[in-house]
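Chain nomenclature is as follows: A, B, C, D, E and F, assigned in order of appearance, with residue numbering initiated at 1 for each chain independently.
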């Protein structure tokens, strides 16, 4: 099993979710994160104080998939999340050694969804 | 409302005819009415209440409904509107709205009171009761708040996508070319004294034909020294047409011309804080007592009636929307309830001092129900993006109110009727006639504001451009226009 | 407060005895007092202030204390309460509370003023000063706000677990069967004029025995044309029993019958926004000036005294709670401070126009301290889940206030005493007697509301059910009942 | 303002000279003026409005600007200030501020009214118009709110780092040793009646030299029965010096003595909720109508003028700041706009009843621009950490206002001039002379408050310590001082 | 060393924390996330606009443990987090190659707690 | 490629970001988390209710680096995030099998920044 972690632009979340669902991947976990990269931030001014805000709002999606589904998942995410503009984000694939569905105790691939 | 000063100007304009009638004037000056401090107190607090409606009331009501990235832009647009309009009001707004115009007095006033020229702490403005006056500064303050809130209502229609610079230009133009004329057309008149005095002169003339003719000319002049809709006999206690229909149609035009928000219909645009919306709606309700009951211009039984009406129409509309939503969607929402309340407030505005409490409950029920249907069904059918339902609530609610005012002002239906100053009694009431007059005033407002607004949007578009770029819109106007974020928890 | 109309109905009922006394009536009609506009202005703004207390004040005070998933449910329950009660008030509430009843007048009024029948912009209501009147609509508006806030107080006790449909049914029932009777019992009386006139007739009768007997009958009738607690001599300036004890005990009954929230005592139920709670508490304070000083029904020195008292009792209670918390827990909290403030507001409510400022400070200190002990210790000992301490603050604070009112109303302790309209002077004051009378009124309220509320909860349970399911409660009532979320940051 | 009672005390003190002049006094008692209920109504609501300014207004304006971990600490400090000062006000504050002092009457009053001794519901306080009085309790309530807000303004300067225990001690000390004396020095005087009566006696004395000399002594005594700055002829309609300069300089001293916040200039200290700041600014604006227009002490044309001025100066200042920011930073911010509004409110405070609307617009523009420069440039240059710009907005804005009041009070510039009670007409106006007097009053305030505050900070530092530890500051004062968190979403 | 990542229902956090503490695992890092899976969401309506909310609030717990503690940790979490209702969540185990305690610079197993 | 995950004190974020940038590591993803460990929490009291708050606010930084950069990155974070007080946090290094830059489709090391 692999964990596919994608950092994307927030407004792309719904499209990515749809794309993954279309692949039959019906589970994922999402968090709001802030990203730093090539995409530049902005400056905020509050009365006399100026702050350079380097971090931009991003969404992190984590999808555990069986090893065979990885490349389809990655492709689907890329296709859905891409705008072509800087800051579209990254995908990282890591390895999951073991997984459990808490409700049933099922493990590994059967636990995934 | 004109003041004693107006009366004098009128006098001058009609000098020839007046020769026979002026006998009364020195006496008038001698025992010129002074304000009752209870009235003054009530007008001052009413003015403060209307400001409360706008900031923070309306700003929060609207602000809670947008996404958090656009919160400050809404707050700023509303706050800015109050600031710029109030300064304009002192500079020329009050004058062109409430002084007698030269040439097109049925449409717009003149500049004789620009910079509040001639107004002192002892100047007074007439009310709707003969011989009852309030300090002119109090009247100026009160009416100023109305001028401030009206354009602020509009910004809800194009929220989350209009550039601040566009709003900054739009508001002064709109208030000048749309609001002031409409307010003049609906509310400007010579005041009770001119009419009562002239009417008395007609009676006093008795059999003396020359005197009588002259006196009748004065009376006619007094009666025609009024805005167009006022002359038609349109009634609008606290601004259903002037404020709500006026702003509502301008909003719709804006929503249509500017187009939908990026992601409209696809992405979630759920309100970022219904708590703020609820606070805003509540402050609107509280402040609206100043708006409606203050419009009596006196701390009188009529003001108290307007307060009761404003209370129960709002409640009834909130219940109606809630019930309708419950029936249709299965779950009544807070947003629905407070939207209903605002619809009720809008609808009872023209009726507040005319209808009875039972009539007001009916007005509220109707407005709550009709605006619900409008915002949840009709709007979706047409598919335009009036972000915060300015049209659905203010324009539709205003029209419902304007027409039902004609119905429930009827003494036979528990209303107060319309006072006839010449006859010094409540006039006979012909319901259908009044309905038609009201429709005419509504049509006038829809046309003037609709067309005027379109032109102004075009002008603004040419000068500074209307809309933010897609990227700015995605990032949010708070950062794009103002370089700030609303929240850093 | 009854109005001139009541006086007339009374007259009819006593026709035989009145034959000798009616001489005064035409005169009364001739120089019927008219409202002073300063009073009218003050009553109108006071009404607006009491609405401000409720929405957004109370709603935010409560709302900030719940978890964010239940925020809208609280806001909605409070807002709904205002809406439904105000409509009921116009339909029959005002009538059954403040008109003379047929049959059980010491407990409940009649339907003669249903739909505000017969009320016009010229109708007046008497105040506590003979010959001083206010527009009846102003009185109706003011009292309407009291009817609205009282049931809204209750919802805090069963917050985060009661279904909206249950609240929707509970409120109209409770206000009808508990609030209106209690308000009638404590506040309804014939008004100064009936008593003063009758008393004068007794004096005027002089040695004429027949006349005197008749006049005395009229006087007795006027005196007994009042609610039960009023006849006992209970004093409650602005609603300590009628509003706070009444709601507080109803809340406790609810909390007991409905049971604890899921996870109570195990999971954190920390307030989701003490900022909102602080805003709410502040608006309660500001609005309470309308509640307490408005209850003078005049813009008088007594109203000003009530304002000073309301200010300092609140401050003292806030300081007392803060100090107690500092001593016991080592850190004084904002929640403690504002809870103390509310406890002080509650406790000074019955005393506001009776006590002096120094007495009010003592009342505040006592309430702050006692309610602190109650909310932080006693409640934990008993282990019931009164979510937002409606009992601990409103009922306990109300009882403290009701009893201390008897103490600090004493002229010997800087109080104003009780005015005797028959004798036209402040009556002799027997402190312990008044304490006992107050206790009696408290007991009446505890019993009537306690028992009445239990019955109503049962009825609601049978009809729509009281409690949400465990899953709904976990998910939050905002989604479950209303299909919305309060925040989308 | 002194009341009739003061007049009597004065009488006693001057017994010998008075022998010839007392003839007028019995008459005065016989037709002692009673309050007009319109005035009373206005003073009551104005008092409520000033409380609204403070809680929740000021608390939110400040609270929104701090980081969320310090939100409750700000709210608590402001709320606490209101509580402790209002109790002190009743205990001795009113007395030492507004009763005649023994010995140092030009600096501080006496204890004769401690615990409001002798004040009843019938006591009255004089206004600025001869024979117009208001209930003394209303005057007490109104002035109480001023005493409450002034020290609350200071806490913004050392926000996010001062221990609650330090604030708890600082506030009572500061209000006692700085606020009460300054308020006495600027606002205390014998009232119109003493002066008018004495002036009349001088005239009546005619050619009778002995009588005349005696009468002149009485007049001189009446004139010198006033605070130091009042005697200089300083004018301050609603508290520019007493409230804003006073608090502003105290804040600066605090910021300097306490030092910068941990991480200042390195870590982001962005406001946690500009929404709250906007709500606060709006409520400040609304409430400030009570503050400024209420300071007329009557529901008069002057009050209405003060309201118009307060409206437009604020608007103009908000526009000026916005424009300046737009020019300098390219993006106008909401925080800038509302900061400008507050600067305008501050600056128009001393001028509210003296200047005309056009003059007020100029005052607003000046204040908006100067305070902008101060907060965004000057402050950064000096590098001190006045967390919420108490100095830059309140002290600087106050100074701008104090001086421009002298300019725009000039009748030649549309102002009202200064009323001369002896001559019973508006006095001749020498602009530069008045500017110098104003500067003198400003200097007095800066020195008294500056030095007094430094001493008090030192005392507090010795007794409980001023500053939180670095760890507490990092964790946030909400947890450290109060054991709570503001938000749990 | 392993990283045990559990996605659970929010109200179970306290019980899970307790269960891990009882095992002597005194460290963990928690984030608020939103989950998509079999458990169905709800519909929200704001005036005319209806939104299907597919993501539900969940809590993600990350616990770094020495390899020997993995199964005990997983079992403890399952036991504590289970309600038997759909949506109870998942556990994923991944491998940590290296760990450091910032305060002391201690590494690997000794860094864990 | 490796994923360096650091849990640090929130006010150290800016220094850590600077330190990494100085190394030429121009990308990272940050989330707000709550940590439980040796550092003790506090007690909150709301009227009668007392809650022991065991979780403290922390910031989680995730930096994907090529394997060769790991130790420099770890050292930089330790240096920047260290206060020497309890609660400074942890660093975990895990392995990334695959990475993609969404905008361009670049993969692995070239995707990282």
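Please note the rule applied: a contact is a pair of C-beta atoms (placed from the backbone, for glycine too) under 8 Å apart; a residue touches a chain by one contact, two chains touch by 3 or more.
What you are looking at is a predicted structure, and each value in this text was computed from that prediction instead of being measured.
A.B. asks: Which chains are shared contacts of subunit B and subunit D?
C.D. replies: In this structure, the chains that contact subunit D and also subunit B are A, C.
A.B. asks: With one step meaning two chains touch, work out the least steps from subunit D to subunit F.
C.D. replies: 1
A.B. asks: Which listed pair, B-E, C-E or C-F, shares over half of the residue-numbered contact pairs seen at D-F?
C.D. replies: Within B-E, C-E or C-F, the interface duplicating D-F belongs to C-E.
A.B. asks: For the chain pairs B-E and C-E, which is connected through the larger number of C-beta pairs in contact?
C.D. replies: When B-E is set beside C-E, the one with more contacts is B-E.
A.B. asks: Roughly how far apart in rotation are subunit A and subunit F when fitted on CA atoms, stated in degrees to the nearest 5?
C.D. replies: The best-fit rotation has an angle of 120 degrees.
A.B. asks: Please work out the Cα centroid separation of subunit E and subunit F, and write it as a whole number of Å.
C.D. replies: Centre separation, subunit E to subunit F: 17 Å.
A.B. asks: Which whole number of Å gives the spacing of the CA centres of subunit D and subunit E?
C.D. replies: Here subunit D and subunit E have centroids separated by 56 Å.
A.B. asks: Roughly how far is subunit A from subunit B, going centre to centre by Cα mean, in whole Å?
C.D. replies: Inter-chain centre distance comes to 50 Å.
A.B. asks: Could you list the positions in subunit C whose residues touch two or more of the other chains?
C.D. replies: In subunit C, 36-39, 41-42, 45, 268, 270-271, 273, 279, 299, 329, 331, 333, 335, 483-485, 487, 489 touch at least two other chains.
A.B. asks: Which residue numbers or ranges of subunit A touch two or more of the other chains?
C.D. replies: 31, 44-46, 94-95
A.B. asks: If we use the touch criterion from the header, which chain pairs count as touching?
C.D. replies: A-B, A-D, A-E, A-F, B-C, B-D, B-E, C-D, C-E, C-F, D-F, E-F
A.B. asks: Quick one: in the complex, what on subunit E touches subunit A?
C.D. replies: The touching residues are 2, 6-8, 31-38, 54-55, 58, 60, 70, 74, 77-78, 81-95.
A.B. asks: Which bits of subunit D are touching subunit C when the two form their complex?
C.D. replies: Checking each residue of subunit D against subunit C gives 35-45, 47-48, 51-52, 55-56, 59-60, 63, 71-72, 75-76, 79-80, 82-84, 86-87, 90, 115-116, 120-123, 135-138, 140-141, 144, 164, 273, 276, 279, 299, 481-489.
A.B. asks: For a test of understanding, state which residues of subunit E touch subunit B in their complex under the given definition.
C.D. replies: Going by the criterion above, the answer is residues 44-49, 51, 53.
A.B. asks: Subunit E touches which residues of subunit B in the complex?
C.D. replies: Result: residues 65, 268-271, 329, 331, 333, 335-336, 339, 375-377, 379-380, 389 of subunit B touch subunit E.
A.B. asks: Could you please specify the touching residues of subunit E with respect to subunit C in the complex?
C.D. replies: 11, 14, 42-46
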